[in-house]
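Below you will find the structure I want to go over with you.
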Amino acid sequence: MAPAGTQRGILERLDAGEIVVGDGGFVFALEKRGYVKAGPWTPEAAAEHPEAVRQLHREFLRAGSNVMQTFTFYASDDKLENRGNALSFTGQQINEAACDLAREVANEGDALVAGGVSQTPSYLSCKSENDVKDIFKKQIDVFIKKNVDFLIAEYFEHVEEAEWAVQVLKTSGKPVAATMCIGPTGDMHGVTPGDCAVRLVKAGADIVGVNCHFDPLTCVKTVKLMKEGVEKAGLKAHYMVQPLAYHTPDCNCQGFIDLPEFPFALEPRILTRWDMQKYAREAYNAGIRYIGGCCGFEPYHIRAVSEELSQERGLLPAASEKHGLWASELKMHTKPWVRARARRDYWETIKPASGRPQCPSMSVPDSWGVTKGHAELMQQKEATTQEQLQPLFEKTVKTNGI
Amino acid sequence: MAPAGTQRGILERLDAGEIVVGDGGFVFALEKRGYVKAGPWTPEAAAEHPEAVRQLHREFLRAGSNVMQTFTFYASDDKLENRGNALSFTGQQINEAACDLAREVANEGDALVAGGVSQTPSYLSCKSENDVKDIFKKQIDVFIKKNVDFLIAEYFEHVEEAEWAVQVLKTSGKPVAATMCIGPTGDMHGVTPGDCAVRLVKAGADIVGVNCHFDPLTCVKTVKLMKEGVEKAGLKAHYMVQPLAYHTPDCNCQGFIDLPEFPFALEPRILTRWDMQKYAREAYNAGIRYIGGCCGFEPYHIRAVSEELSQERGLLPAASEKHGLWASELKMHTKPWVRARARRDYWETIKPASGRPQCPSMSVPDSWGVTKGHAELMQQKEATTQEQLQPLFEKTVKTNGI
Amino acid sequence: MAPAGTQRGILERLDAGEIVVGDGGFVFALEKRGYVKAGPWTPEAAAEHPEAVRQLHREFLRAGSNVMQTFTFYASDDKLENRGNALSFTGQQINEAACDLAREVANEGDALVAGGVSQTPSYLSCKSENDVKDIFKKQIDVFIKKNVDFLIAEYFEHVEEAEWAVQVLKTSGKPVAATMCIGPTGDMHGVTPGDCAVRLVKAGADIVGVNCHFDPLTCVKTVKLMKEGVEKAGLKAHYMVQPLAYHTPDCNCQGFIDLPEFPFALEPRILTRWDMQKYAREAYNAGIRYIGGCCGFEPYHIRAVSEELSQERGLLPAASEKHGLWASELKMHTKPWVRARARRDYWETIKPASGRPQCPSMSVPDSWGVTKGHAELMQQKEATTQEQLQPLFEKTVKTNGI
Amino acid sequence: MAPAGTQRGILERLDAGEIVVGDGGFVFALEKRGYVKAGPWTPEAAAEHPEAVRQLHREFLRAGSNVMQTFTFYASDDKLENRGNALSFTGQQINEAACDLAREVANEGDALVAGGVSQTPSYLSCKSENDVKDIFKKQIDVFIKKNVDFLIAEYFEHVEEAEWAVQVLKTSGKPVAATMCIGPTGDMHGVTPGDCAVRLVKAGADIVGVNCHFDPLTCVKTVKLMKEGVEKAGLKAHYMVQPLAYHTPDCNCQGFIDLPEFPFALEPRILTRWDMQKYAREAYNAGIRYIGGCCGFEPYHIRAVSEELSQERGLLPAASEKHGLWASELKMHTKPWVRARARRDYWETIKPASGRPQCPSMSVPDSWGVTKGHAELMQQKEATTQEQLQPLFEKTVKTNGI
């Protein structure tokens, strides 16, 4: 097993034209396993329940991930203490624990460790550039101390905040990736994907792309727009995509947050492994080489990405010992009509039923149009009160007629 | 932490009118995590990757499970070597490892260990009663050696085989539960749920019910029919239900195996946590007191069962530290329109969209009508050949017009 | 053109094993054309707008109908003046006009005239047997005077009222058909289809079956149950089916009246011509020989029935001059991809999309369980008041959460 | 009743800001009634079965139409004899009969007669401008002889052909309307709606808009784009919309022709009367004043348009004698739960179920991309042969996997 640092770096790999398979999102997966709270979505489990976080890292590694992303999403100090989120660990403790876990598992295979930062309440609350950058700086200090292999600034809705993050990350001297949680219409202020990408590259990002908020094919489309923008500007970059594992054809610019099913009724939208194989192929064909996942991804989704690209990568992931290509393992099923499903064309064309005849296939997203600077988005240490909730409840009832 | 044996037994609890929360199915959950192969569905991971099995046990324990079922589904010797399923562990090794893992985690909380056996290829291949019973006997020997707290005969499609299993399990002197994977129309030979239950009770089962193959509300309905049968016969039993976590309104008598989506495109059918709360309430109202899950259940589904019945049980599960009742944790979300969803009526009435406008809501199940004794169901050590597959492929194409 | 009376009678045809194609429902078709009011559903258009009624008769005749049913549905005196339905024609005028129109068009082809009566408000209001029979008697008097070819008692929810109707119709000496608007679970008091049919045959009906309230395949299933009942009782009858042209998989015992979409949002449920061909074949295979339609049927639906059975009948309907079998006329389309649809297998297997991604595929029917004798069903001459409506509105809101 | 010519003209009405309600499409409505053949879609019924055409005119008049469009769609000589469409009437006879019928019914109320021409096979076959114009000229000659009130050039996919049509129509000295069957992405060569509209106005059209091919809200959106284009160009025009009565969210640029359900399985997409009221309001709010319908419209759809705009127009249509505003006539229904639906909010928010759980909500349109000049679109007098069909069948199978 390779000790830290002996692995080939992220840019070496991408420069050589290799495919880098990312991991999946931890907050959703660990919420279902019982270790993350959905409202704040903070990653204190890294310190509280390391065995659960370690196991999830391992499963992604087995599924073929080349990157163990530190479980530090929303681990900025301002986010950790938002709206009454009382934690018994400090931000530094959480960030350090997350780095240790990622490194431990990365060293069990051919994986790099990436330290991650994400959007901050401070930015939404209109804090100054310096204040916001200080928030990022604290996390970077841990990443440098723990010597991660590269850095990711992810889940930014406003390109300005993403630029600030990249500028801070660049001070580390490590390779920097930057992904925004935007769709084809661009960021919350209407900056197009192409323009966002150009600004991020100019700020110093080596790899640009999108993560979260939209389904895989929408994300691939958005990264294509980014690539076109970067190329038109005469710049160079690597491209990356880490989408949702949920179908979101009905989203508007703010993505799945606006869907009425977010976050506790998204089940019918979960992608199958076959959907994932299509995604991996589309992403590859679009020239994207860092291909991973975000919320909703389970290890088998990443395995599907790895299997689809196994010819190009020249290897199958460890977890394929328990999976045949295109369902060939069904040949071993006891029932003959299930053995009859052991073939590619069956699964490649299936249109899976929802089993929910009283439910629609698309929703109408909430569209409150609230973004940076709105009073309702302000950072607040104290728990949300019933008085604060009441007008929100009423607003929904009026809008949706529920 | 209580040592083995000091816990109050399963019958003590049920006789006292307590609710016993079961765990969820391991084969589907571990298939998604990369440790179980879908065709054979055998549990060698207990020996190969104990850390993964242990972690899943822990998650169910945290979610409120009072029973750690040994991961011994399909761990009979005849099933372990079916159709070329080459394993590097013996049946005994797998069964022993599974018992150790279940006991280790059960002792971390208030849980009992249940040793489980399930339907055998030997029965489908028309082996004699003695041969089939010998198969069960081998697993029981391990369960006795490892001193599990009680035994479960589960996933039987034919009441005759279930009776044989119960008769063998009874020789252990331990409490015996028996669940069939049938729906309201009864077993594969048309024996009604009521008659099945009566025969199982007469064979010695203390607890009867159903598991797998159908969605929660269908399973509750089937157990109600069992209860009516048992009561009409003047007998007594406890009742148990461990359904799928998939909506299956379109199933026929053989359950989800017949659905075209089985097993790799069931995602759109996954129940939400709110669906689970309805299920737990319905099961409770039907007089069922052993309430758990089977394929498709993830830890958060069991947590939802535990939360729905928290008043009756007088406690919340450990994992509720990361979950508010009826989405109250969304009060801590940054976005106001998501905070507006922090209320029961929102989630109780939601009709979640599938995000798949080109897919239907119901499928037409395969209905090959093949059961015990059919040539295509015979036990076969060698791998299925391409020559064997071809006629099956052709049959499907003709039937489905695909 | 044959003068009245020279046609071979309905029983001659059925006794000879011939297929009799019925017509479609007039109230729904004429509501869409602007001549029938949906709440009362009364047939005053026969007197007010004879050209519209005549044209619809002609279209069904062209489509292959062998029966012109008088447009006398709900034309009993008690129904004509219910809840403020102020009409400028008497019941006798309407019934006579309807007979004249049916005869005029029947004589343009090979069709018989059937005089029809249907359920009465008097029965629902618990009037005496004599009172209810007097109501039917008034319509029969017109049918005798106008010398229709046979009589139909249709759309009965309670077998008792249907028996009374048959008894009155039999006094005419003409052949009598009787159809109830029930599904497989039987009439509003739970009398099974088999028992209903036996009672109707014993009351004197020559032809029995069902009409309205359920979709074609459900109706065929119900008539099968009737046939089994009649045969088991050692009786003889001919069988008849006149279903809805709406898919109603989600109905309970009271049929489409209970569906939330009734009557003004049923569009997505309308059967295609291909659905109709399946229906005609199923009905024929079930031994039903009088095959027609009810609410929702348009002339092209009846043409589809006629085309499906054209081999057995030995003729194509007149309207097939404008229609090819299995879409062969699409060979003449300008666009090649539409010409590519000129084939049977294309249309036989199509699963047509709703174009409504925000709508479900099934509804939850209202189930107020209100039937004969309930105060809310009482006959009332005066218009419904706002005071009477208010509690009904509130009841719905409470039930549906709308 | 007003004699021909004494009515206020179309431009007088529009200049005065009045709403003009159009009629619905005749070919689809009469196909269902048995008088039009779907492949060729030609209007010979005007001569063959005048009573059927007259009745449909009357129903639209009763529903509130201010325009009786002559039933001359596809009545150009080249189209009448395409691909073996053997007719016993000449083009002139059909066009004249259609004019007479429209005038007869128009004079029964407050309606104008509009002579209509539409796209020609000659244009698709790359005939010269003169040849195409000669085709139009023949129909105009009849319209002038029969003294229609104004002219409509409709259903053009290529703006060039529409311009030619307008130029010919202008020679009559009568007001000219021009509508294309395009969506928001413009004509078959990508000319935007705004540019199309500008060219049509410059060619002499007084009224511009779209008809057919897309659902109402898409058509309103397209006309908005036309209006913006015309206004940006500093020109003036009136605006007109005559959409489908089918929901088509899944269409691409060629509209519903490309949908797999075209033309014989569109039923689930039919708009309700409530959908139509939304459409009428949207069209009105967009500044469109000539508001009618095309394929799929039945008289009750036009009545819904008239009822929605009854305040603005100051009148209700005749057919509203059989319809209450917002379902108020349901107050007269016998069943109390149906009376409970006699209110606006019930119908305004209903999400009607399809009753088809095995069908999707959206389809994938065919996209052969075949347009003007392609060999497969060439005019051909002889019937399509089986040899010509075979490659088309094969192409579909390959594309759709059916």
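Letters A, B, C and D name the chains as they come in the text, with residue numbers starting at 1 for each one.
By definition in this document, a contact is a pair of C-beta atoms (placed from the backbone, for glycine too) under 8 Å apart; a residue touches a chain by one contact, two chains touch by 3 or more.
By chain, with names taken from UniProt: A, B, C, D = Hcy-binding domain-containing protein.
These figures come from a predicted structure and were not determined experimentally.
Trainee: Examine where the copies subunit C and subunit D touch and state whether the two sides share over half of their residue numbers (same) or under half (different).
Mentor: Same; most numbers are used by both subunit C and subunit D.
Trainee: Where centres are the averaged C-alpha coordinates, which chain has the largest centre distance to subunit B?
Mentor: The chain farthest from subunit B, judged by C-alpha centres, is D.
Trainee: How many angstrom between the C-alpha centroids of subunit C and subunit A?
Mentor: Going by mean C-alpha positions, subunit A sits 58 Å from subunit C.
Trainee: Round to the nearest whole Å and give the separation of the Cα centres of subunit C and subunit D.
Mentor: Computed value for the inter-centroid distance: 32 Å.
Trainee: How big is the gap, in whole Å, between where the Cα atoms of subunit A centre and where those of subunit D centre?
Mentor: 48
Trainee: I need the residues of subunit A touching at least two other chains; which ones are they?
Mentor: If we look for residues of subunit A contacting two or more partner chains, we find 250, 349, 351, 353, 356-363.
Trainee: Per the contact definition, I'd like the list of subunit B residues that touch subunit A in the complex.
Mentor: 31-40, 51-52, 55, 58-59, 62-63, 82-85, 121, 124, 215, 246-250, 257-274, 298-300, 303, 318-319, 321-324, 327, 329-343, 345-347, 349-363, 366, 368, 370, 376-377, 383-384, 388-389, 392-393, 395-396, 402
Trainee: Going by the contact rule at the top, pick out the subunit C residues touching subunit A in the complex.
Mentor: Of all residues in subunit C, those touching subunit A are 250, 357-364.
Trainee: In their complex, what parts of subunit A are in touch with subunit D?
Mentor: Touching subunit D from subunit A are residues 349, 351, 353, 357-358, 360-362, 401.
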